[in-house]
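Next up: the structures, one after another.
You will see subunit A twice below: alongside subunit B first, and alongside subunit C after that.
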Partner chain A sequence: MHETLGLTMPLLAKIWLPAAGDLRLVLPDLLLIATIVAILLAPLLSRRSLRVPGLLALLGAVVGALACWFVIGDVAASGSDLFGVAARDGSSGPAMLVADRVSLFFRMFLMVFLIVIVAMWMMTDGEREQNPHEFLTLLLASALGMSLMTSANHLLMVIVAIELASLPSYGLAGFDKFRRTAAEASVKYVVFGAATSGLMIYGASLLFGMFGTLHVPTLAARLATGGPGGPLLAVGLLAFFAGVGFKISAVPFHFWCPDVFEGASLPVATWLSVASKAAGLLLLLRMVFAFAGHAGGEYSQYVLPTISYGVGVFAILTCTFANFAAYRQTNIRRMLAYSSIAHAGYMLMAGAIVVRSSGYENAMSAVVAYLLIYMFMNLGAFMTLGLVAADTGEESMKSFAGLGWRDALTAAAMTVCLISLVGLPPLGGFYVKWWILAALGGAAREANMPFLWVLALVLALNTAVSLYYYARVVWQMYFVPPEHEKPLRAPGAGKALVVACALLLILTGTIWVRPLKSMADRYTSNMYTVSAARTDAGDGLAAAVRP
Partner chain B sequence: MFEIGVEHYLFVSAFVFAMGILVMATKRNAIGILLGAELVLNAANINFVAFGRYRVGGLDGAIAAMFVIVLAAAEAAIALAIFLNFYNNYATIDVDQADTTRG
Partner chain C sequence: MANSLLSWIVFLPTIGMVALFFVNRAENVKRVALLFSGAAFVLSLYCFQPFLSGEAGAAGGRYGDIYFQQKVGWIETSDRAFVVNYHVGIDGLSMPLVVLTTLISLLAVLASWNFEDWKKKGMKGYFMLLLLLETGMLGTFVAIDFFLFYVFWEVMLLPMYFLIGVWGGPRKEYAAIKFFIYTLAGSVLMLVAMLAMYFYPDASVRTFSLIEMANNPKIQEVFRNASFLGYAFGPLMFIFLFIGFAIKVPSFPFHTWLPDAHVEAPTPISMILAGVLLKMGGYGILRVCFPIFPNAAQQLAVLLGTLGVISIIYGALCAMAQTDFKKLVAYSSISHMGYVTLGMAALTEAGLQGAMFQMIAHGISSPMCFFLVGVIYERAHHREINRFGGLWLSMPVYGTLATVGFFASLGLPALCGFIGEVYVVFGTFASGAAALGAYAKPFAIIAASGVILTAAYILWMIQRVYLGKERSEYANFPDANRREVLILAPLAILAVALGIFPKQTLFDFVTGTLNLILAAASA
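Take a look at the complex of A and B:
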């Protein structure tokens, strides 16, 4: 026993000994893990009290958000590799994770959103939930997976992170065991998820065979210096995209999305609509920008435009299909689901900017600002839906009839959120959409890529199309007489949340436009960039243990 | 006497992958679909190990395959729990019966 240990420990130390600085940069993730452990151990002390796990989760999220705030200043310029496996010759191996300001900013975003979701859950389902520890464990585990997704730099890590975000989400979707729609939603979610993750892993195995590595920057570098191409490469990349597309519900991998949003409980639907899409988008953008970090003859001429066209076509399909599908919906929850697919499509357009220039920092900045605003407008809309559904007992278009007369403040706040979702001034939703357009236009001019102009045009047309179905809800609230004139019965905290979201949207559309833009710019400057030292990372784990 | 090379493994893996896709597309039983997904994952594993052994060298491929095996087990565990829950509500695991939400 002792001898084996004596042999194993130096080997382990040689393979993996995390530096203290690296651990500091993943502090928010470590805090999430600690919170999960604390929630699982809590029943030993508190006898399955219903309040304790919720408060623990809130505490963990608050401390995590603060930790992000403190750590974000320590990030090195142009990011840093984390947990590189040291090779035998002393050079560092491929890094599994990277840390830069975007990744830490996203963790902060996620923690803040987590606080709101846990609070929302405690106000609605949490009161009568029989298994709060299990629910919160799943929620926090999916948050951990999402935060790893945004800093994964190695296809194996990408796969593990996506699965860590997905598997708890399947459970969350069907957590209410006695509701038929929840059971159905989780079955659809898990079946689609299993199929697309299978495709993704198969695609990764093809890429591994072609390039001899799973480390994304190295893979991109080998592709740029005349690696194998052709149909097999296209199949590998496309199959891999299926997994990421499933997370952001890009058409045609979106089928799960409306059904899951309809079947899952409201906090879970809100959580999935923002957090899982945000994580998937940042992951995709990081991958695409790793490819855009290289240039050279044939590669710039054929490979990069193909990636750009590929992502762009998916983005066009996603937002156009979703906007037309949203037309037909009479259930508001399904309409919001299609709306969230459409917004994912708008943000996906930024991924088509694969020119080596300031272009992708602009694109990333626009997406970060978009995600922030999108969180508030979606939160406001879903929360209002929750209040109305709790009062009227249904989530159809009709249940919103005359809301303007029954509760003027909530209806006005909902109207602000919906107009911001359309993207009309003077609300936050307008400016973030404008910045995506500006990033597309700027890159199109700079790199002479007419396809990006097409994307900008599609974005503008889709905005006009989407006006119709959002306006239908506003029409219901103000111009259709209610069935009865009784004021809306709803908890004050819920109404306050909706109003706060609306206020933030108005502020970010008027006096906070500049602060919002400069904040997004600050957090996306100095993104992790690919350099020669970071790509020639040896043969991977093999180098460390090869005799 | 011929030498077994990477191509032979790739043929097997391509065959398993095609079977997996076919099973996922045609089966209506939820567990059948899960079996198809497992076949696809195993095809990926054959690829990882074969490429690792013949093309790349080192342990990268084998380690990746080990991770995928663990992920597949976790996925099967949660999928079976969800199917059981579906059965409790619908008394069937035919995915075509899951059609109360649509549109």
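Take a look at the complex of A and C:
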């Protein structure tokens, strides 16, 4: 009894009286929760109007973004642990969450993207929506899950965060419950999601069984000092990776992606195409880098290269398969879905840089810049698709025919977005791809890992392959005569958004290259690093099980 | 001004492009395009200035003495692990090509003056893309930083894709996408090579400067001895780069995009394609491959020479078989550019000079030929060689200029084509003691007999199109109008001038730089 109390009291104290500094660093997440509560309570006061929840969500996201901006300066160098659970002996135990600049930067990115998505939703589906409160609640809850994913440092937290991001997404995908494709998308999403979650939990349990901890840095440290290895370890890691791979739709966990994108409403597809992948990637990179934080003997010789090869092979499969699959698509939504898989593959390559060097800050910086540019490219492409679909009533290749002659500005902006997706200069898409290449090349040299050169070659060749399907849309817009010459009927704000995206891509490709890079560098410097003090802490819950 | 001269030349067309956003009347669109391309041309003439004294690249100079240099930091990472400069400048190798580019672009704008007659829409877009294309081409020639070079190289792709695909002939879509994919496939290999060339040397000497890579002994040592994925670094990178450049040249077996692109492109774009774009391949080999990988250049000379010889003969034979006038000119380009590849492969003084001269000569004669084809296509609306005849009788001025143009392409002495081909053949012959060894004589003999094939297809074509009995359907064709003469005359004059005064018009400017490249490659 006394012992239980001894364990419980500090725990409760931690939960009820967290350090003010810790709370400050999760302010954006708290704001998200507050917004969700506000939206749920709103019908009590304002009936079921559309504007109120929409504006509340916008307000929450704006305030959240500002909060990130103010808090980001407070982050300690090399990050900090949040909410460490006290261990049995009273010392501070492993932390569930970490906070560093990358995690806060990602929250800011997410909030800005959330603003755009809510605006997009209000412009398109929102007006007809019967249940705006429920929709926005799900959207914000998935955002909360994603933001937790990027700072999770404990496998339990990882699983909770991924589920928190996934469950609302299933609902979002099938939100338009009267449409057959939406229901189909949702069911597929749930089935795949449940299967991979199961795998992930199984993998986590294997790892826990082997190492007696779920705390990622501790796990990595025990692995490095010669924990059990062999096939069981490989199965554990692979099964765990399945869960993350599902979020970033890495091949072969990608099957849900095209169907969900096709079935879901446009804002939801856009949201999932960027935010869900970004969160999954950052989570994966953080875990891989935790493993890279150790070195020595057999670990450096066998375990690290195996992780590097594993992630690299997944990346190669993902981008190559997706690019070839995109060839055959006649539905633009499906094509963009495969394109998003391919881009996830490119970014995943950065995960193969598991070497103890400046390599991984470079890699992280490249990925952060990539995500930022990728957001604009995809936003532009999806928004144009939405405008065209609203006008022509379909989303096939053919619906783009002659767009260049019907609406010159929108088509030109769409062209910029597509060419940036290919990755040609002088557009932002080229530079971010180049930085991934440069991170690969630099690390390949520094750590003498020829495999990274293979990745660089594959990435470069995939760029050439991807040109064809992006160019097919451009071809439709300019080379195929339109069915009629009437100008595109679309809301001005939508067109303005597309043009703004294109403009940003041009600017980041010419005069803002350096600012883009230095911003990415700034937010990825001083990443959360694993130190002895952070890994030695035992896992309170696991102490009894440890051999 | 002298510092930023090249930037002005390169970006004047871009400024023109932006200005066109705000111009709406058709006449004014053309005038603005003419104004900016004309201004770029006039400014580019100033590039001659340091070369006139004859000091440029003279003995004692070293590779990398560049003029009108401008260097500004552009991209760098916070730890300076990765630095890209906006670094431009010209030497004897790039100066003639810069002037050629501005000239051909100006003439192409003039050649587009009758845009309304093409019955196509989007004139504003057309001229905007044309100007953007000019920026891309000029930037490629003046870039000293490899990264910058690559950016400009890729900037050209998209305008060209649209210019062929939107305003081209019946099979334009196919031609446009083929051009796009071929060129991009080549350039991604270049991208990987660029990456490796940057990261292989030690962090302290890493650079993107093409000059520095060639001159720095530390970097050179790494390039000589390193290996990439198990292959020798130098030759492998040379091949990666060469494939990218050979697609542009185009050299057999990477040439198949060219006939499609040339035939489907509108006339002014064909002029630019043949006159300037093809030269980028040759320029790239001379600027990037040879000075930086001299050993690989020696080792792979026979391979390059073989490709050059095959291009010469294969292109000429294909040209002979064509009944489409424009296709004939297109295949003749492959044949003529084969001399460029062969001349470079020879790695002798005469060979390199011949290759350079041939590039410029072809840059003058082929746009002229394409324009000549365009002139009758506009009148006859077909290009079947066998359906023409006796055109000289109804169009005397045009006929005369056409003869100059096609004879220049044929390589008649006293016209520009002759000098380049002769130098290449001599240079190849002399290469017996240099890179080509035992292959030198056979290559020289085959290349020389290529001239006969060239004469055959051009004379046969002239006979069928311009000579013979006057045909009634062409009897009332109007002769070349003032605009057409204005475009053809400068090219004709240049063709004659280069043929008669090769030293004063070109060799004086380029020899110094070429000898320095050669000295590095033979060391």
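The working rule: the second predicted complex is superposed on the first by the 522 of 547 C-alpha atoms of A that agree within 3 Å, B and C clash if a C-alpha of one lies under 4 Å from a C-alpha of the other, contacts with A are read in each partner's own complex, and residues count from 1 in each chain.
Convention: a contact is a pair of C-beta atoms (placed from the backbone, for glycine too) under 8 Å apart; a residue touches a chain by one contact, two chains touch by 3 or more.
Keep in mind it's a predicted model, so treat the numbers as computed, not measured.
Novice: Could you check whether subunit B and subunit C clash or fit when both are placed on subunit A?
Specialist: Pair status: fit.
Novice: Which of the two partners, first being subunit B and second being subunit C, lies in contact with A:Phe208: first, second, both, or neither?
Specialist: So A:Phe208 only meets subunit B here.
Novice: Would you check which partner chain A:Thr181 touches, where first means subunit B only, second means subunit C only, and both and neither mean what they say?
Specialist: After superposing on A, A:Thr181 lies in contact with subunit B but is clear of subunit C.
Novice: For the combined three-chain view, what is the angle at the C-alpha centre of subunit A formed with the C-alpha centres of subunit B and subunit C, to the nearest 10°?
Specialist: 130
Novice: Would you sort A:Ser197 into first (subunit B), second (subunit C), both or neither based on which partner it touches?
Specialist: first
Novice: Based on the superposed arrangement, let me know which partner A:Phe479 touches: subunit B (first), subunit C (second), both, or neither?
Specialist: second
Novice: By the touch definition at the top of the document, which applies to A:Ala61: first (subunit B), second (subunit C), both, or neither?
Specialist: Touch status of A:Ala61: no partner.
Novice: Contact-wise, after the overlay, does A:Pro425 reach subunit B, subunit C, both or neither (first, second, both, neither)?
Specialist: A:Pro425: touches subunit C, not subunit B.
Novice: May I ask you to decide whether A:Pro450 touches subunit B, subunit C, both, or neither, giving the answer as first, second, both or neither?
Specialist: In the superposition, A:Pro450 touches subunit C alone.
Novice: Determine the nearest approach in Å between the Cα atoms of subunit B and those of subunit C after overlaying the two structures.
Specialist: It comes out at 24 Å between the closest C-alpha atoms.
Novice: In the superposed arrangement, what residues of subunit A touch both subunit B and subunit C?
Specialist: none
Novice: Which bits of subunit A are touching subunit B when the two form their complex?
Specialist: Contacts found on subunit A: 156, 159-160, 163, 167, 170-171, 174, 177-181, 183-188, 190-191, 193-195, 197-199, 201-202, 204-206, 208-209, 212-214, 258-259, 262-263, 328-329, 331, 334, 539-543, 545-546.
Novice: Tell me, which parts of subunit B touch subunit A in their complex?
Specialist: Touching subunit A from subunit B are residues 17, 20, 24, 30, 33-34, 36-37, 40-41, 43-45, 47-48, 50-52, 55-61, 63-64, 67-68, 71, 74-75, 78-79, 81-83, 85-86, 88-90, 95, 98, 100-103.
Novice: Which positions of subunit A touch subunit C when the two form their complex?
Specialist: On the subunit A side, the touching residues are 358, 362, 365, 404-405, 408, 419, 424-426, 430-431, 434, 437-438, 440-442, 444-445, 450, 453-454, 456-457, 460-461, 463-464, 467-468, 471, 474-475, 478-479, 513-514, 517-518, 521-522, 525.
Novice: Please name which positions on subunit C make contact with subunit A in the complex.
Specialist: 74-79, 81-82, 121-122, 125, 150-151, 154-155, 157-158, 161-162, 165-166, 172-173, 176-177, 180-181, 184-185, 188-189, 191-192, 195-196, 198-200, 228-230
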